[in-house]
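I've put the structures underneath this note.
What follows is a pair of complexes built around subunit A, which joins subunit B in one and subunit C in the other.
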Partner chain A sequence: MNTFLSRLNTIFAFTLSVMAALTFCCFLTTAFNSHKASVYLGTGKAIVKNVPDYSANREKSDLGFIVFDMTADLTKIFNWNVKQLFLYLTAEYETKDHQLNQVVIWDKIIRRGENAMLDYRSINTKYYFWDYGNGLKGNKNVTLTLSWNVIPNAGTLPKVMGEGSHKFKFPDEYSANRF
Partner chain B sequence: TGSESPIVVVLSGSMEPAFFRGDLLFLTNYREEPIRVGEIVVFKIEGRDIPIVHRVLKVHEKEDGKVKFLTKGDNNSVDDRGLYAPGQLWLEKKDVVGRARGFVPYVGIVTILMNDYPKFKYAILACLGLFVLIHRE
Partner chain C sequence: MDLMQFLPESFKKIPCHMDYEGQKRAEQLFQVIIILFGVVGFIWGYICQQFSQTMYILLAGFALSCILTLPPWPMFRRKPLQWQKERPEPSSDQKEASTPSQTSQKSKKKK
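Our next item is the complex of A and B:
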């Protein structure tokens, strides 16, 4: 009984150490991959409204509406240690209230095995493009970039920005029309 | 790593399918490193103990470094404003426990099992105690 238990204990401890070593090797085999890819982004119409933001402080803030195009081929990034890619489209801009603003306006999850070629034309944003304040009207330099977070089976979680960004402007007047 | 708890277990399903309950996350919390969208941050709401692991959706930073940001779980359809303290609309650097940098699946399931089934915890403790008593070296 005594040696049975100590053998069980030794086997258990050994199994744990081997699994830990294997997981580490699994991580090492893909630790130095580059995960880069090029992306084409474009925008169509862009308008700005100034309305109360009921999801936040109820003050009148700038709300942007855009349609955009996106083309990218991400199939080369997938390997056996990539469980999924979390894609997010960021709009980055500067206003007089805040030096840096980053707003995610669209995101998508692509799992290993799913179609990783993106080709969207004139699609709407997924999230509302609210500014914290009134800095979108007449903003001359809003940059759109597509980035992805690589989620492995085990290992590090790098964020990679796609090669290819797109700058656009918002008009100088608020629009009262429907989009 | 600069974080008060550099290893956390994922407790909820709000970041599926990236992280499931029981996965282990390795965190860092270098204060000078800026918060940017897309990062997975672990934060605590004032007055509550439970850390939440979600992704940063919006960042608004002023010149002096003061930053306000909004988070959302990948598997949730709305952002986290409903989770924040009453009247709180944004998170700040002080709410952050750490940023997720690395991940190992399943390993934390033991802590969740021990929390959900206290009898399991007592059984493990009893077995360990028994083992210590009868082990002869």
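Our next item is the complex of A and C:
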């Protein structure tokens, strides 16, 4: 504390300590939020094709095509400790070979300040809905759920599943390769 | 250190130290300022739900405490140390007259 530089050093170190404490307090103010919201999901037409999956084993696998609707109000999730939300739509189903299959078919990033009122009608999936085999044709129980990661300024990185899901079925016949 | 000798004499004469009392007061001053700005910034940031506001207000407190405590302002120099007066150096013939062991030790300590 006797020279200019040692005072500068002390003040800077003290400011950093206070900054760390404030950041921790900011985390504490939002640590017990549930980050939940209700989501409406629906599907329009669903078809399934049997085509070679060149991204995997090149054998003929089932490829599903669906269009879906989604309505959700996520504005309540945002607060001063949320930078952005990473939303992802998961299709979950069971096949003979594998009990649990999960495919992410759509995702979206919502930054704080952007529109968080989702209202989509008949939109296409963003990623291919490949099955690892032939489990989609005639599958009667495919569940769509929307989940999200909450990306905070400080603290934990919660993974939350939206309240509300939608079940749909794939037709019993393969569609022609052109539609 | 070598650069110091090129500085003008007037610049070198600028007092740049605080006394002990002043150092203590400076430390208390910046701690109070930074904590105060931190708390106010936290409340304000919570009200407008912008954590960046908290950080800006805290940095404003940092800047203010830099201005108030980095330069050795006169208010930190009010109680200079009262040094004892310089004792006259014993002359060479006196040294020889006294016992050699004690004087040699004393002169070493002084250096």
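One rule holds in what follows: the second predicted complex is superposed on the first by the 162 of 179 C-alpha atoms of A that agree within 3 Å, B and C clash if a C-alpha of one lies under 4 Å from a C-alpha of the other, contacts with A are read in each partner's own complex, and residues count from 1 in each chain.
In this section, a residue touches a chain if its C-beta (ideal position, glycine included) is under 8 Å from a C-beta of that chain, and two chains touch if they have at least 3 such contacts.
Keep in mind that this is a model prediction, so the values were computed, not measured.
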item: Contact breadth on subunit A, by residue count: subunit C or subunit B; value: B
item: Contacts of A:Thr75 with subunit B and subunit C, given as first, second, both or neither; value: neither
item: Touched partner set for A:Gln99, first subunit B, second subunit C, both or neither; value: first
item: Which of subunit B and subunit C A:Asn149 touches, first, second, both or neither; value: first
item: Partner chain in contact with A:Asn141 - subunit B first, subunit C second, else both or neither; value: neither
item: Partner chain(s) touched by A:Ser38 [first = subunit B, second = subunit C, both, neither]; value: neither
item: Which superposed partner A:Ser122 touches (first subunit B, second subunit C, both, neither); value: neither
item: Partner chain in contact with A:Thr10 - subunit B first, subunit C second, else both or neither; value: second
item: On subunit A, the residue positions that both subunit B and subunit C contact, one per complex; value: 1-2, 23, 153
item: Footprint of subunit A on subunit C - complex, ascending; value: 16-18, 23, 26-27, 30-31, 34-35, 38, 41-42, 45-46, 49-51, 54-55, 58-59, 61-62, 65-66, 69-72
item: In the complex with subunit A, residue positions of subunit B that touch it; value: 17-19, 36-40, 55, 57-63, 68, 74, 81, 89, 100-105, 131, 134-136
item: Residues of subunit A defined as touching subunit C within the complex; value: 1-4, 7-8, 10-12, 14-15, 18-19, 21-23, 25-26, 29, 79-81, 153
item: Residue numbers on subunit A that touch subunit B, as the complex places them; value: 1-2, 5-6, 9, 23, 55-57, 83-84, 86, 88, 90, 97-104, 109, 111, 127, 130, 132, 147, 149, 151-157, 159
